[in-house]
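A, B, C and D are the chain letters, set down in written order, and residue numbers restart from 1 in every chain.
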Amino acid sequence: MTSLLSLQGVSKRFGGLQALTKVSFDLPEGQILGLIGPNGAGKTTLFNAINGVYPPEEGSILFRGRDVTRFKPYEHARLGMARTHQIVQPLNELTVRENVMVGACFGHENHSLGQAARIADEVLEFVGLAVRSEQLAGSLNVAQKKRLELARALAARPHLLLLDEVLAGLNSSEIDGMVQTVLKIREQGVTILMIEHVMKVVMNVSDRIIVLDYGQQIAEGSPQEIAANQRVIEAYLGDPKLAESLMEEA
Amino acid sequence: MKLWNQYRGLIAPVLVVALLAVWPMLTGKPANRESAFTILKAIALASSLNILLGYTGYVSFGHIVFYGFGGYVGIFLLSGMGWPLWASILAGGLASGLLAFLLGSAILRLRGGYFALATIGVNEAMRAFINKFDLFGGPTGITLNFSVYKAYGGAAQALQTSFYIGAALALLALAISYLVRTSKFGLGLLAIRENEDAAEVMGIAAPWAKTWAYVLSAIVPGMIGVLFFFKNGNVEPGDAFPLHASIELLVMVMLGGQGTVLGPILGAFAYQGMRGYLVTSPVFKDIQLSVSGALLLLIVLFIPAGAIGWLRQRVPLLRRVLA
Amino acid sequence: MQQFNLLLASLPDGILLGFVYGLAAMGLTLIWGVMNVINLAHGPIIALGMFSTFFVYSKLGLNPYLGVVPIALLGLLFGILIYAVAVHRVINAPHLSSLLATFSVNMIIIGLGTAALTTSPYNVDFFAGSLQLGSTTLLGTRLIAAFVTLLFTGGLYFFLYRTRPGKHIRAVANNRAAAELMGIPSTRILALSFGLGTMLAAVSGALIATFFPFNILSGGGYELKSFVIGVLGGLGNPIGALFGGLILGMLEGIIPAFLETSWVPVIEFGLFVAILLVRPNGLFGAKK
Amino acid sequence: MNRKLSILVTFFALASLVLAACAPGSVEAPPVADGSDTEKTVVIGFTSSLTGAQEVSSKRQVNGLTLWMNQVNAAGGIHLSDGTVVKFTAQTYDDESNKERVQELYTRLITEDNADFLISPYSSGLTAAASIIAEQNGKIMITAGAAEDDAYKTGNTSLFQLYTPGSQYLLSTVDMLKTLDPSARVAIVHENDKFSTSVVEGLKPYLESQGFEVVLEEGYASDTTDFGPVINKIVESGATVLLGGGHYPDGSTFARQLYERKAGLKFISLLVAPADSKFPELGEAALGVSTSSQWELSATHTPEEAAALGKEWYGPSGQEFADAYLALTGDKPTYHAAGGYLTGLILQKAIEAADSVDPDKVRAALEALDIFTFYGGIKFDTRAEAHGLQIGHEMVVAQWQRNDAGELVRQVIWPANVATAAPLYPIPMP
């Protein structure tokens, strides 16, 4: 099993704040890696470090065997990395289809406009936004915007998908739909690194889980191992009973 | 039918420019030709600016610097080096494109108001510099000898020829505008306009794309500059880099609707038509500037999307035609 | 040696001039900082300030400095009026809208001003004595103007940091949405800020009128200088604007000692672009 | 879809035609008398700066022209030998001191308003652009307020320059200096623009040929307001005489600061600004400042002068002109006003001489013109390489001095034969 993404001692500092401290892990191809931790633990910062928005000061990042530590976000995208944002970032004045076409056009497969339009229609069908493809992205509601984020990332046909809280703000039926979508994506062979607060889902879909606290990587392992990890329970789950109930659902 | 689908957005713009080009010939009035030239020039400049302003979302307050710089380079080659007009126009366009490339790599890192301020600074610095630059005649500028026009059949014929070239350049500008708007490159620019950070995450090499948008938006103004100063017979620093003309271009793009191919064309048409009317109107000519200002204010306050944007919002069916 | 003498002669004078540059720029930068609007009507407002002094001195026959307070009040009201008419509707729109809205105000003022006042120069023939210090001549009008500028700067500082509306202005500048949540009436605060910015511009114009002949177009040059200063001192930073003004004034005194005077604008604007590139938040702005 | 589209296309086609047609066409051409009538109204077309930087001088020029037109029409026009009575009317637009539309407006004047003769806009740059249109249409353009030489050296055949060319502007001042103080050290400080630079280009070699030492040559940007550093440089250079300036706004600012800073110069000559009647608003700062002037009322030229030179005298006396101008505008005439008046006057003379309004005949008459008016001599260069350049006119030097009543008045101090006062040299220190 080759590792698609590999982090070695990645650290990031903002002024006096140490946002990430020596984070290291390997993400094998085809797996889903869950990233959890309390608010402010540095999860989104880690995403930003991985895809080049804020490159780390120390450590190295290998993606598909290449050192991409100092790459710009668009270079990462060209190599086949796609992400969604915790706070949705739709291109408001463009139509839904155009939004998704951007993803297809500028991803690593570098499609022409015509091909991109076809891919966009497929992907919009897949995430259930096909009927809205001519609407301006700004006019969608939050749940639809979340799906649009996902569709845009998928249209790039990425090797690695970074999902930043795609479930936040969705109701339970929307969550179920989204989880099914994520699983289908994995079936297509896309490797996924996901930040998620909905524990039930993380425990269910992740192959492995990493726990961040104050920028430190405090645990790594299978969902069962994480749920049983004393440090994680103290730092994050807080209530051991809650952890147990989560495990039961898993 | 496929061809129709692909190019229908081009119909209205080309029609406007073609009508403008043909109208003076139909009426046979040189005064109409000169009015049409002023409008065609505005169309070419506004359409070019739109690539940066409308598609990429960068507000340039000094776009006229490319018109002046290209114009100077071209007139220098024409007058000092004896180059023919067509070569000078090309050289002017290339010079402006090169300037945009060098500038773009630097100032396009700035965003919002900072970029707007930087473009003002560049324009003013360039004007002050040309004023000190003896090769381009310093403050006296360059005056063409009438013998230059002899090669083009005398002054009368040269003005006629200039008009055709002006029409051709306006068509070129809108062709570039249309091709950019309907290309993958253009889609990338629109994404940058909407959200530059998100666009980069989606794989758009924003620095590269912005710089090339800047270059594309600078070439035609450079060429128009050469043509205008050739037609005018001389070039001086004050005429080459008028800050207010940059702002007028913004107004035109805004008036018609930024980010559309047709918008700047209609905006240029309406603005120059209005100014032309006000300047020569017996009622308004003393306070024409204030009247223009008041009209502009009303538009900015109440129809901020411009005429085309307004139409597109109201009548979604028109979106396909009003690219 | 000759250059040194020139420097001695020109520098103090340039610094004094820098005070009024700074005052004008303070108005621009206050509006920029609070509401993110670059006020393109800044120049004509400065020119109106100049004409107010002309009116006070030449028509009413009063000491020009008696006009400063009423001019400031009129400037404040005029600014609030401009805000209400032209700016309020586009305050949340993209940059271009507010730029063009203030530019239309610029066109309206200049158009009416030209029709009513022509573009021929007006002159406030007021001479407040001069002070000879070695090779340099310090003009009384400039000394007084520098003093008035310091008063206004101090007043502005006090207002922003010690009074309730001032604190509200800073809160709105910092984060308008949060300020609104805390019950600060943001519309009133924005209008007040625009009024204050306009007031500073008008006062600077009133002071400049005692130095130089002027016409309705004269404000344009100071508007451009205000941009340069705003960037030097950090846009949105009133105290930085004062320092920026002093720096610009100094440059205008220093450059002619070494180069032909006509290089001044080349260097000024070249420097402006350079600083924007290296430190967009200004020399005194917080580094991001 | 197709139907919508075709409607749309039609709409745009119509809209553009309507817009284009109504925008420029609204100003009706003045009625032109038909051939059978014996009265012919000649249209004089020009643009002027109703707005923009050059508004002041431009307006005075227009006032002068208006006065002439009123007079010639009131006198019943020009009677030609074939019985035609020629009267005049003016058609004018605002050029905003801006080159953008000058060609468009002149083309409109010629082709829509049927202007028969053209007067130049104010300033050399605008004139250069307008002259191409005049040339293209074979229309005669008499230029005033366009002193820079280049425009006349471009091979044109239709321009006729009223003013002494820029390169000659300050030569008479140098001649005077030579008699006053041959050892004067001269600083040349001028606005960095087209006109002032062309003046300086003619001035400097002449100064040096006359044995003067030029200790400083410096240009300043057109929008300069603070002349402090420049004045310090002048003082530091040890200059005793300042020649230069530019246009009205900078010149008046410069003069005021020279006074405030006690620059201690013995002689100051500035272009344009001191020639304006508003200049004494500067008060004490105006005292002693001189200028090179195309014409001064106090040294107006006379028929006796013409007779002595053996030239033909034409037109009113300077006093008659001044009285009429005062009656019309409530203002004393400046040389810009005289220039405007003269554009009309020489046209009148040329039409009379040609006994026709045919452009070619009038052109020939203008080329042959060699007359003397209250404004001085007028004769045009007819060589192809400098066609239309003024060669018959000489500048006078005027200086602001106090009269017996203590008022500031502009006295002519050179040439000696027309001088109304002795030069104030050196300028008294406050």
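Quick notes
Quick note on the criterion: a contact is a pair of C-beta atoms (placed from the backbone, for glycine too) under 8 Å apart; a residue touches a chain by one contact, two chains touch by 3 or more.
Quick caveat: nothing in here was measured; it's all calculated off a predicted structure.
Of the two chain pairs examined here, B-C and B-D, the one linked by more C-beta pairs in contact is B-D.
In this assembly, the C-alpha centroid of chain B lies 32 Å from the C-alpha centroid of chain C.
Distance between chain A and chain D, defined via averaged C-alpha coordinates, is recorded as 74 Å. In terms of their C-alpha centroids, the spacing between chain A and chain C amounts to 49 Å. In terms of their C-alpha centroids, the spacing between chain B and chain D amounts to 34 Å. In chain B, the residues that reach two or more other chains under the touch definition are 128, 131-132, 286, 288-289.
Chain contacts: chain C has residues 111, 114, 260, 262, 265 touching two or more partner chains. Across the assembly, chain D contributes residues 51, 192, 219, 221 that each touch 2 or more other chains. Chains touching one another, given as pairs, are A-B, B-C, B-D, C-D.
The part of chain C that touches chain D in the complex is made up of residues 2, 5-6, 9-10, 13-14, 17, 111, 114, 118-121, 123, 125, 127, 130, 135-137, 139, 208, 211-213, 215, 217-218, 220-221, 252-253, 255-257, 260-262, 264-265. Per the touch definition, chain D reaches chain C in the complex via residues 51-53, 55-56, 59, 192, 218-221, 223-226, 228-230, 232-233, 235-236, 248-249, 252-253, 256-257, 260-262, 278, 281-283, 285. The residues of chain A lying in touch with chain B in their complex are 51, 53, 72-75, 77-78, 82-83, 85, 89-94, 98, 101-103, 105-108, 112-113, 116, 152, 156.
Contact residues of chain D toward chain B in the complex are 1, 4-5, 8-9, 12-13, 16-17, 19-20, 22-24, 26-27, 50-51, 93-94, 96, 98-105, 107-108, 110-112, 125, 128-129, 131-133, 135-137, 148, 150-151, 153-156, 192-194, 196-198, 219, 221-222. Here chain B touches chain D in the complex through residues 8, 11-12, 15-16, 19-20, 23, 29-39, 128, 131-132, 138-141, 143-147, 149, 154-156, 159, 231-234, 236, 238-239, 242, 245, 269-270, 273-274, 276-277, 279-282, 285-286, 288-289, 317-318, 320-321, going by the rule given at the top.
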